[in-house]
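Note that the chains take the letters A, B, C, D, E and F in the order they are written out, and that residue 1 is the start of every chain.
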Amino acid sequence: MSRIAAFGEVMMRLETPGFSTLSQSNRLEYSFSGSGVNVLSALSRFGHETYLASTLPDNPLGDAALANLRKLGIQTGFVNRGGRYIGMYFLEHGFGLRPSKVTYSDRLGSSFNTVPHAAGDWERIADSVDAVHFCGITLAMNELARTQIKQLARAVKSRGGKVIFDCNYRPSLWGADGYALAKPHYREMLELADIAFMNEKDALLTLGMASSAADPHSQLLELIPQVAKEYGIGTIAGTHRHVNGDNTHTLSGYLHAEEGFWFSRPSTFSVYDRVGAGDAYASGIIHACLRGDDAQYAVDYATAAAVLAHTVHGDTPIATEADIVKAMTRTAGDVER
Amino acid sequence: MSRIAAFGEVMMRLETPGFSTLSQSNRLEYSFSGSGVNVLSALSRFGHETYLASTLPDNPLGDAALANLRKLGIQTGFVNRGGRYIGMYFLEHGFGLRPSKVTYSDRLGSSFNTVPHAAGDWERIADSVDAVHFCGITLAMNELARTQIKQLARAVKSRGGKVIFDCNYRPSLWGADGYALAKPHYREMLELADIAFMNEKDALLTLGMASSAADPHSQLLELIPQVAKEYGIGTIAGTHRHVNGDNTHTLSGYLHAEEGFWFSRPSTFSVYDRVGAGDAYASGIIHACLRGDDAQYAVDYATAAAVLAHTVHGDTPIATEADIVKAMTRTAGDVER
Amino acid sequence: MSRIAAFGEVMMRLETPGFSTLSQSNRLEYSFSGSGVNVLSALSRFGHETYLASTLPDNPLGDAALANLRKLGIQTGFVNRGGRYIGMYFLEHGFGLRPSKVTYSDRLGSSFNTVPHAAGDWERIADSVDAVHFCGITLAMNELARTQIKQLARAVKSRGGKVIFDCNYRPSLWGADGYALAKPHYREMLELADIAFMNEKDALLTLGMASSAADPHSQLLELIPQVAKEYGIGTIAGTHRHVNGDNTHTLSGYLHAEEGFWFSRPSTFSVYDRVGAGDAYASGIIHACLRGDDAQYAVDYATAAAVLAHTVHGDTPIATEADIVKAMTRTAGDVER
Amino acid sequence: MSRIAAFGEVMMRLETPGFSTLSQSNRLEYSFSGSGVNVLSALSRFGHETYLASTLPDNPLGDAALANLRKLGIQTGFVNRGGRYIGMYFLEHGFGLRPSKVTYSDRLGSSFNTVPHAAGDWERIADSVDAVHFCGITLAMNELARTQIKQLARAVKSRGGKVIFDCNYRPSLWGADGYALAKPHYREMLELADIAFMNEKDALLTLGMASSAADPHSQLLELIPQVAKEYGIGTIAGTHRHVNGDNTHTLSGYLHAEEGFWFSRPSTFSVYDRVGAGDAYASGIIHACLRGDDAQYAVDYATAAAVLAHTVHGDTPIATEADIVKAMTRTAGDVER
Amino acid sequence: MSRIAAFGEVMMRLETPGFSTLSQSNRLEYSFSGSGVNVLSALSRFGHETYLASTLPDNPLGDAALANLRKLGIQTGFVNRGGRYIGMYFLEHGFGLRPSKVTYSDRLGSSFNTVPHAAGDWERIADSVDAVHFCGITLAMNELARTQIKQLARAVKSRGGKVIFDCNYRPSLWGADGYALAKPHYREMLELADIAFMNEKDALLTLGMASSAADPHSQLLELIPQVAKEYGIGTIAGTHRHVNGDNTHTLSGYLHAEEGFWFSRPSTFSVYDRVGAGDAYASGIIHACLRGDDAQYAVDYATAAAVLAHTVHGDTPIATEADIVKAMTRTAGDVER
Amino acid sequence: MSRIAAFGEVMMRLETPGFSTLSQSNRLEYSFSGSGVNVLSALSRFGHETYLASTLPDNPLGDAALANLRKLGIQTGFVNRGGRYIGMYFLEHGFGLRPSKVTYSDRLGSSFNTVPHAAGDWERIADSVDAVHFCGITLAMNELARTQIKQLARAVKSRGGKVIFDCNYRPSLWGADGYALAKPHYREMLELADIAFMNEKDALLTLGMASSAADPHSQLLELIPQVAKEYGIGTIAGTHRHVNGDNTHTLSGYLHAEEGFWFSRPSTFSVYDRVGAGDAYASGIIHACLRGDDAQYAVDYATAAAVLAHTVHGDTPIATEADIVKAMTRTAGDVER
């Protein structure tokens, strides 16, 4: 098994119970997540040693976040303490036609986005791990976050570790002219990446590539090999999701490596909690790639991990390898006792 | 925007959490609603000034009701205090084939049904508003309720305000020979009404009209224009609902005005909490009519409001105009963040 | 062990959690109690067979009440079904200087107060039991309740069973001129009683007796033997309570039988839930008397039962005989494990 | 109506709320169930007098179990107290592709499985009832359980009471070579049975019978009459269940009596809580058979009871006869008020 | 009754239930408060018309805050919408020797502290009210808050309205050299004030006055008349609090007006929720002063209001005038029913 | 800071909320604790590296226990997986005179008490730590537990690590003749111990020593130095507790080292949750001793840690060193914000 770090913000998720809005309710449940947290938690369940690099305030909210990271199986020795706030978001669960709503608190003022890591931290982290995970959400934050992402990526790369980058472009974070602002940073990260998560939309919009094809699948087949070649990325993977009218989603995964494309069969399923499913997919690909599984197994495993993540409360995947292997073959069954 | 009053009872809704019965559980959640409350709450969210005329006991339950009316955005200056009890109903949520069950406490002994408004109240209310909403449920209560409904309706009418009447015939409230008992009171209210909510069943059963057609749609096309003509009602609107086998309902709205009929497309959707959807439809029609929207927009807006009301916990619609406009075009989507 | 019935109303208690008011909260917990219910529940734990005679509506609230009576160990074969409402009260827990508040729903319209038992019910009950318990609260309700109380009391008495009457005068239920209204009914019940619960205040105010003494203790010593003699009551018992400033109460019990007076030592204790403590005292006296314990043991046992009832959530005593015997000697102790 | 006993273990069910796992949550809800408990609770609602024969520890968990049995309408006079532990299982609710998980505590060390009933108990029970229910789960426990099952079955049989046996073979309880181990005990019970619950799988696997047919329905038609003949069982009944992909199940019931086979129409429905549905089916058959309903009514009634049991929280059916009769004809409907 | 405005921030209070810490729990309850909110809520219960001037974000958290302000009886027409965040604080309840802990989120980035009111707002507010309340906490925020406080204070003053200023100096908000930073702003506000809340500590530390006396009471007697004279303040009032060892506090109030000093008797009481008690005291003084009650009544009423505020969950006082009048005379009593 | 292991069972604590009994409630909260867990959790907060040696089942309950150990800051690499059950106890909180009740599930059948650690485990643990903690509760379990305790103690001792032994004699676990059964095992452990927790009762009853003194304090002064000398124990510490009548306890600590006795001042305080306070005391002594603090500081620090542990929900101390240092000097204070 491998030693894997992630660099990213820890967010406090505060959600109203059931399907009530913030105006209707007076209660919240909270948990701690983040793209890096979610990926590491899943990898920890798969047997890897995982380390989060992040910054949390030195107050009871930071303490609670740390305790919950440990609960998820993540080692917290590289978590910096300082600054004043933990990033927060409030979640109101939608139902049917009524969409879920996310309301952020002050994200740019958070400890993660204002307090730099100490000199030498990147080197110590890079010395301790085989791979490191980054996410486009962090890249969208501010100059400090972007600088630190790149410092850590280079430190790991220079020691022979693998750089994993999940494009995860969020339009609301980059604002107007977002694609133009984002493009140089995404290019820089893809140059460093050994494993990248994206699909044809990232190629078209963020990287500004052009396609002669009209439908997403054809665009994917055309553009992803070009990205792999241009940036020298060994493994590129991602998903296509379709939201159906009846509270089900349909998901299919793909993986591109030097030899070609592999696809999982589309899976249609009821959705309990959609957040974090992309991170579950990423964790499945990373696990299979680091272990050297064959590509078809990797994409099937990752897709099953993603599907299971929709059946779990909270952002963070909790499936074990055994759970996922069962789900790769199983259809819905009777209670097990 | 307009100033709109409603006259109706405030009910305390007490429901067991989840899908447990009163014998299984030992906990309840409570809220305050009522047909008038629901319509006003929706209209308040659409930007109107809303006033409830009702009576509540001067005890902690009445205080809690008032506080929650204010929370819904309803002005409570016309709420009379006195009498001894607030109307209550207990709700056990069904699941699938097991229906929801409603159990009432002593409804006729409530403050609303036993304590008359003071002399001069109707005039003061009528002076303050552009329109007033009534509902057939109140008409079913007792002579006091019926007398007061008509006093207020005439006071508003005589000052040029609009009278809105929702037929809302409930067989269980009128008892045996209910249609015969109800007919003269319904006729009296329809004589006063500028906007009425009903469908062909009300015309056939409550008003005792006859139709040459066999299917509901044809009956509607035949009878509603007759009602509009006989009672001189400018706008008549209503819905047809079909309960499907798979926990979905299908709903379509209609609106009849002098120029003819307008219909919304039938909408099929999962149901989270069905109570209050009719009031949401009414609020949509009232809002669009008072603002002078065209009839097709009105019926589409009202239908979307009704559909959204099925996705919300509690009797009271909480959608804003922006939510409804989005829902008029949207199909189910991914989480928004 | 004995077979004991009680005749009295089952009340649904609905309380806000913690110390919130009905305006602050939106949740309730409910349970079912009543003076007869509380006494029988305690006696059931002491090993007696207990039967409630009462009337409950044939709806889900009545079903829930019945299920909870059975849970308390009370046999429900003599519970009549009919009428429309269960009596209810809402409880907001006070703290320190802020008193608890009780708000009743429509009590006189309840099934118990409107639906008479069928002919022959009193005889069947009287044939089945050794003793029957009544309470002054029922006497305060209406003519139906008073008639039925007396019918059942006479039926039991005529078959040699014991009649137990707890005076429990509630000023708010009898209204203005209450003592005068109540007096003939109290006299009638005391004529029938073998065991009565009261203290000097009942003698002075309800029975209109006069005392030459000034302080309550001396009045008790003077009046209770007169009551015993005048009405031919073998056992009279009761308590004196003092509410201290620091959230503690001080309670002492007395028992008068032909040979004289017995008193328990005053006990001072913290109060968790005060309602139902008088019923716990009564149950202790009844248990000890029916078993033939000596008078000092009876009054000590009953006082300990009453003190324990203050430490328990809800109106209904839950202590076993073993718990009470321990409490008769114990001071506060460390956790037992 | 009849007097019916069941002999079986009372289990404490502890479940995490919603769809959280034991690692995610820190709260549990508990209830008390068991195959015999479930069947008796349903029969009690249908109007029968029901008695549980079981053993519970003399500690607060045993007290809580007893109180909840009474709440379900079951008489507890034949419940033995002793031993040290109540059987427990933890339930984590699955969602969609993620299955529910059941984790048992020490089952064989429970009071039920370690403490024998006193001499004379079987005779006293047998003297008091018209029928007794047993379940294959108890048969799987240990020698004590098996001995006691047979003692009670013979005592009832010898007095002319009916013996009801639900095969309910659980592979996880019998372990490797389970069918071989189980066979003699199942044969012994079937020899005693007047009513048996099973289907073709029990005949093939547990009884080791052979069938010339390939599909389950044909096997059922071939084997069940053989079983009825060989063991002299008047009534054999059971269900076929199919788990569909969309969180619905399809269920159909059958009943075989001397005159032939009766089948209910397959019913497809959403599942809220699957546990206990088999017991609901059994209770429906028992009720109809003891009352002498015709066979088609019996199988329709039992199937409706089973379907309703899937819509109810907890293991224990709560439908009344009126609920079931409604469900026999109804399709999903609007709220009833 | 009067029309009273307050200018101040609305804070979202998020608290763990019971006595758990943020690391132990995963649940929060939330409510909305603030010094101005608390004072207005109390005054609204006393019968005044109350208006909050504040700024809230135009998102679901802002909507929830508004709904809850309305629930408290506060008119929200002067609440500005804009900016991005609502101020928040997390509260962990201490027990005994373990103190409660408050953790703030980003306070200076809140809507209130970043978005100015529109031109003309101050004039419209000043035209609508008889008095306006400010608090030293707002003064501590930033230049925008300070500018706006003074603009509104002058606008009200210039129209003959009363200016009320509660010194409420919080060392943690002003930081190092806080008293020196604060002094000019406090002086400016006191120049404008008609009613001020403070005690000798404010005079000594914030205003930098000197006293020849050593004990607080003597310092109060010496300094407050000087403050009244120097700044021309008609009414100055405040409290002395002593925290006792046994979870009780002792509180006494004073009021200084031109004729001299009035004091309430010290009151000792158990504390349930200490936050907001100072605002309750202020509301009592304001109410009595605006109504023209005599000074001794005012200080007794305000002290009773403050004591009751310690017995209530949440920051916001909920006592009615009747509750307070009862508490002015009452000692702890038995349950009222 | 040091590396410290503990060997002991992880218990699942399941408690009813508030003050309800298991018969009254239907909900539980659960957490994971144990003497070793509690001591390690406290030491982890003080900055030490901590490791638990224990055995947990490989099922969802074991997974939940592990996750919660990590949350407490304990490293779980030495936790063995296997066996079938986790130890459990149910806790009903008492109030005042009504004592708390603890009900155990099958403790001897737990994974910890039935599954031995693998060969080599003791050596690997002993190689990794500076000290190891044991508790008399483990010694009471069975021969397997006793054998393993001694194996690990000798392994640590032989490598120069410190052995810590908390006598913690529980009469209910040793049964009749318990002291005689326990004595040889306690002697063996004390022979190995460098730090021991006990008081005069352990010396008198478990070790069977005799004292010429009558009162506990004199007995302590006489016996503890004899124990220290006979068994060669450098540090012996413990507490005296007195349960007062008013829900407060009084606690004082002592520490004996070669130079003599040190005592803390008795502290009297309200009790929120008593369980785990002894472990908090032990953790304070261990921390101070390992760091080389002077003896008076050690006993004061440990006593403050123990007092704080009574103010915290759950068995496990959560105070940080800063919290404890504050509590060493503080009296109850106002809210900190």
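Everything below uses one rule, namely that contacts are C-beta pairs under 8 Å (C-beta built on N, C-alpha and C of every residue); 3 or more make two chains touch, one makes a residue touch a chain.
Protein names from UniProt, one per chain: A, B, C, D, E, F = Sugar kinase.
Computed from a prediction, not measured in an experiment: that's the story for all the values here.
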Contacts shared by chain B (Sugar kinase) with chain F (Sugar kinase) include exactly A, C, D, E
With residue numbering as the guide, point to the option in D-F, A-B or B-E that repeats A-D in over half of the contact pairs.
-> A-B
Considering only mean CA positions as chain centres, point out the chain farthest from chain F (Sugar kinase).
-> B
Separation of chain A (Sugar kinase) from chain E (Sugar kinase), taking each centre as the mean of its C-alpha atoms, in whole Å | 45
Give, as an integer number of Å, the spacing between the C-alpha centres of chain C (Sugar kinase) and chain A (Sugar kinase).
-> 63
In whole angstrom, what separates the CA-based centres of chain C (Sugar kinase) and chain E (Sugar kinase)?
-> 46
Between the Cα centroids of chain A (Sugar kinase) and chain F (Sugar kinase) the separation in whole angstrom comes to 42
Hey, what residues on chain F (Sugar kinase) touch two or more of the other chains?
-> 21, 23, 26, 67, 71, 101
Note which residues of chain E (Sugar kinase) are touching chain F (Sugar kinase) in the complex, please.
-> 18-21, 23-24, 89, 94-102, 170, 172, 241, 243-247, 274-275
Touching chain A (Sugar kinase) in the complex, chain F (Sugar kinase) uses residues 67-68, 70-73
Footprint of chain F (Sugar kinase) on chain D (Sugar kinase) - complex, ascending = 14, 21-23, 26-31, 59-61, 63-64, 67, 84-85, 88, 90, 92, 101, 103, 105-106, 109
So in the complex, which bits of chain B (Sugar kinase) are touching chain A (Sugar kinase)?
-> 71, 269-270, 272, 307-308, 310-314, 318-319, 323, 327, 330-337
